[in-house]
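Each structure below is given as structure tokens.
After this come two complexes, each holding subunit A, first together with subunit B and then together with subunit C.
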Partner chain A sequence: MAKEPILSAKDVEIQFSLRGKKLTAIRGCSLDLYEGETLAIVGESGSGKSVFTKTFVGMLDANGTITNGSIMFEGQDLAQYKTEADWLKIRGKKISMVMQDPMTSLNPLKKIGKQIEESIELHQGLKGEAAKKEAIEMLKKVGIPDPERRYNQYPHEFSGGMRQRVVIAIAVACHPQILICDEPTTALDVTIQAQILDLIRSLQSELGMTVIYITHDLGVVANVADRVAVMYAGQIVEYGLVNEIFYDAWHPYTWALLSALPQLGVKGEPLPSIEGTPPNLFNKIVGDAFAPRNKRALAIDFVKEPPFFNVTETHAAKTWYLDPRAPKIEQPGSIQRLRAKMENRG
Partner chain B sequence: MFKYTVKRLGQSLLTVLIIATIVFLLLRMLPTDYYFTEDQLMKFTEEQKHDALEAAGLLDPIPTQLLNFYNDILHLDFGVSRRIQNGVPVVKVIGNKFAISMKMGLMAMVVSMVIGIPMGILQAMYKEKLFDAIGTAYTIFVNAVPALVSYSLVLVFGSRVLGLPSMYSTRNPGPSSILPIFCLAMGSIAWYALWMRRYMIDEINKDYIKLARVKGLSTSQIMYRHVLRNAFVPMVQYIPATALLTIGGSLLVERFFSVPGMGPLLTDSINRYDVNVVQTLVILYSTLSILGVFLGDVAMMIVDPRITIAEKGGSR
Partner chain C sequence: MAEREKLIEIKDLQITFGSGKKKFVAVDHVNFDIYKGETFSLVGESGSGKTTIGRAILRINPTSAGEILLKGKKINGKIDKETDLEVIRKCQMIFQDPMASLNERATVDYIISEGLINHHLYKDEKDRSAKVQAALREVGLLPEFASRFPHEFSGGQRQRIGIARALVMEPEFIVADEPISALDVSIRAQVLNLLNELKRERNLTYLFIAHDLSVVRFISDRIAVISKGRIVELAESEELFRHPLHPYTKALLSAVPQPDPELEKKKKLLVYDPSCHDYSVDKPVWEEILPGHFVYGNQKELDQYRKEVEDK
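Right after this comes the complex of A and B.
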């Protein structure tokens, strides 16, 4: 991709101090984000996908610090931002975020309209009637019927899906360049999920936003993403265009994730699951973090951490399988079946 | 909401009525001797006593007495004191003391809110810092040390170091009220600080604060526009009740500083079996606390939009 990235994270390392011990939650993550694209970050709970993206808006918990690396955005290194004053120039205005649970993300005692107005007043300098008009406009934009009446209502008068629409309205009220959606549909039921994803997509094209999805739902990924980054134990282990990840994955963890997709299950057979547990991030990890759970791990996986090997210009995986010296390894059957499916479809 | 308010008010009145009835009936079980002063008991013959009781309607059957009692209450006639101040209407006996207690109680309430609420707010904002530690130490001290001990400390410090009068005097009500007011406020300062801190911290940890932050509000804006207001809502429910109860005066403080307030009156009148004073005081105190709860509920309804009671299905 020849385009310049809009945001570029390099070798980010994040540590948390917990009861006197140091936990390295993110172990050297690099990520380029290109303007207008939709990037999905997938991985199981605790892989660090939320923590990683939270640093883009300075929302790390108080006991977490960025100990290494840089996050370049508009010529500034966000990793060096320390004070609230620095972050106020970014948050909401340039980078915004939609949180997971719409039921608790709104102030229960403030009118919906006022909560949207707050960010409009903050970043667009509008006051009073003008701000109110804009807030109603925003409600209309996120597909809330009868916005004039809804403006004066409180969160408890909204359903979960409607609340998430309001949260999205608040997040995009100031036309941020980057919108981070942290599992925006996890708390919603399936029919509403699709609506919310549609809404984010249409807002994205309307406002020209770049969107990062954090999710563990591969169905969502297939639906919305242009590019995918797979995270495991605080590292990105594979990234590529959505087709490349779904049909030509190379990291054994990505394989394991994909073969656990219910859509790929064979009737009558138990659905594959990934055995074992992720490594303890309090300890130093040697070699490939996924090796202990990988039945086909190579000897070197336990000794030396693999670098990224390019599969194509846009696709790379952090596994020794791709090293020319490695023994020939076939992608597992389920991945091959997936590819065959795609090729048949043309 | 109006319907609910009226209903609650009706229930409150009914509760007061029931309390009044029970107290009245219990007090009628006392020997009739207690309707006379010690002097009268010595001098009166049996016949004179009988006549006096009959004249006061005290020999009527209990249901009749009860009906008369209700009728009197409706006309705000609470009878006369027999033993504390013989022949003086109860309303007057209580009235003067009530004024003093109320003045002090209200002052103490203002003081405790003005000090206690900001104290709790600052404690929450600087949680686990020095100020929070001092505030918590104060709260624990006030609650753990017996009141009389802390009052004594205030008394010694106030009179020796600051030279304030240690006894209340009607001729010099201003300066001599300072120490009793402070003692009255001491406990509620701790109460306000404790709960304000707790509710603030509850709110700060909620998810919507994260959204507020990510949308670009500064910490002070978040505190002012979101946390403070929301933390105040659960407090609102209890403020009327505590406010009204301070009016009732404090037995300990008023005894300690010889304030001629209402505090010691209840125990005095019980000790001396002054039936009318006792029953009036009980009605008064129960009315105050029931009113406090009622006002708290109404206030809660006004500040919290989530509460829409009794009108089923009408809110959407």
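Right after this comes the complex of A and C.
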């Protein structure tokens, strides 16, 4: 990975002020994004995965500020962007976003075609017929049959899966370099989910985009990602190539996420679940944030925050387990089984 | 299997909405039995009618033809008041979205005891609050949560309240309508474990409704796959995963995301095209291909399915 990252976030810290109190939602996240790859950011709700990526498009809520760190993109620091005018040069044009719920992210009062045109007119400077032609072309590209007729319809005439296709059409209408998909399939059926994932993948190779997936479902991650970053309590705790995360994870939180999947469960036995709740981010966190929920936590986990330890060149985990002084710890059964299965396949 | 007690029997069930020109048949010719103590799953995509069937058993949706029997007693259509009350008490439901299914303006105490109040199932105030607290404890919540309001809880906790509300009626049969699809992966495991535990302790029977086959495999004994209001395949859960026969089942299976990147990247997505069936001359039937494994198809398809089973 000697390639230059196209987007590079360093030590980003984000605070929200809520009722006079400060909440640190992102506590020093660093992330490099390489051109053409698909990166998945995984974590449970409240881990900060959405907040972190929203800063790439300047969509942080009004009470949130970036208090530290930098986000470098094309030689500019996005963390310093303040005005809407600045952001309009980036958002939608170079970096765009697909939201979770297709039911709420479209305007119910506007025709589908007009909503796609809006983005084309704003960023590509096309007008009238030309913009309309482009919008119909986009509808065709995302696999909507009979685009000329669909152009004149309203969102309520579309099913959930079709609406998500429209949202994707709007997001990629200006051929962005980076597409951020925030849980693009959670509101959808499994069969439709698989189709949408396929669509994003084919658009990605066609338009040469770099894609960031935000999801809590590791099954989806296995399908789409080249690299994975696992987030917990506002920090990235482990990152690596997708195979390294699935077959050789080291952070106890990644273990817990993997073992909790019903697909890996053994029938008749209870599924290993993550007890407790994520830490309160109003308070200062001492030590490893996951330690209170980790049954096999080490004493040092409660005292000192672990640094990143490299497993391979591309894979690192923020846990004391990897320290040479730590007692030898075995990976849990479900991960060993997963690896054994992979090795048996050869 | 024949000796096992049938708790619910569904015979030629048909459910329609609207009338006259606007009539829409949502569920048609549905036949299945649910044995006591098992988890029976209905799987299909949205709009396939799986929730409608669940609601029909609980007498929420009226049926237009066919029979639903609870322990041999008819419970659909016109029944006397006593049976009606019995059904309400013995069959409970857990809803999909814990954010929408709890009354925001009522305390947890009231939410859980509403059924008790309606059916006068408690001796005095003390007995009622004892029952509420026991139910809360059983689903892993603290008894002092009773005085709080739903907005004070997280999604997983809310779903537990929904389960407690069902449990307090001491039901025999629970319809769980996608109880975990609105939850985070880590919380899903907790709720699935809870449902399994309760089933063991209370000898409950579940009708589990879901669109995700991966979850269903873990929890259920038998699975029925439903498409467009018709059950197309029914089998024991391991059998269904080993020998999926109907093309719709295969499509559903191929869509399940596997947490295994190497398998997943090689995967070929199957898409179900209903026009692959030619039922114009050769009429389809509901047939038992292997013991306990039923498929819906016409003679030509059934022959092909049999061949597939033998080849494996």
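As a working rule, the second predicted complex is superposed on the first by the 346 of 346 C-alpha atoms of A that agree within 3 Å, B and C clash if a C-alpha of one lies under 4 Å from a C-alpha of the other, contacts with A are read in each partner's own complex, and residues count from 1 in each chain.
The rule we apply is simple: a contact is a pair of C-beta atoms (placed from the backbone, for glycine too) under 8 Å apart; a residue touches a chain by one contact, two chains touch by 3 or more.
Every value quoted in this text rests on a predicted model; they were computed, and no experiment measured them.
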{"item": "Fit or clash - subunit C, subunit B, common subunit A", "value": "fit"}
{"item": "Which superposed partner A:Val167 touches (first subunit B, second subunit C, both, neither)", "value": "first"}
{"item": "Which superposed partner A:Ile274 touches (first subunit B, second subunit C, both, neither)", "value": "second"}
{"item": "Larger contact residue set on subunit A - subunit B or subunit C", "value": "C"}
{"item": "Touched partner set for A:Ser119, first subunit B, second subunit C, both or neither", "value": "first"}
{"item": "Superposition-derived angle with apex at the Cα centre of subunit A and sides reaching subunit B and subunit C, degrees in steps of 10", "value": "70"}
{"item": "Which of subunit B and subunit C A:Glu129 touches, first, second, both or neither", "value": "neither"}
{"item": "Distance in angstrom between the closest Cα atoms of subunit C and subunit B, superposition on A", "value": "7"}
{"item": "On subunit A, positions contacted by subunit B and by subunit C", "value": "none"}
{"item": "Touch list for subunit C against partner subunit A, complex", "value": "45-46, 154-155, 184-190, 192-193, 196-197, 211-215, 217-219, 251-252, 254-265, 267, 269, 271-272"}
{"item": "Residues on subunit A engaged by subunit B in the complex (per definition of touch)", "value": "57, 59, 84, 88, 91-93, 96-97, 99, 101, 104-110, 118-119, 122-123, 154, 156-157, 167, 170-171, 173-174"}
{"item": "Interfacial residue positions of subunit A with respect to subunit C in the complex", "value": "44-45, 160, 189-195, 198, 216-223, 225, 242-243, 246, 256-258, 260-265, 267, 270-275, 277, 338, 341-342, 345"}
{"item": "Subunit B residues touching subunit A - in the complex, by the definition given at the top", "value": "206-208, 210-219, 225-226, 229-230, 233, 303-306, 315-316"}
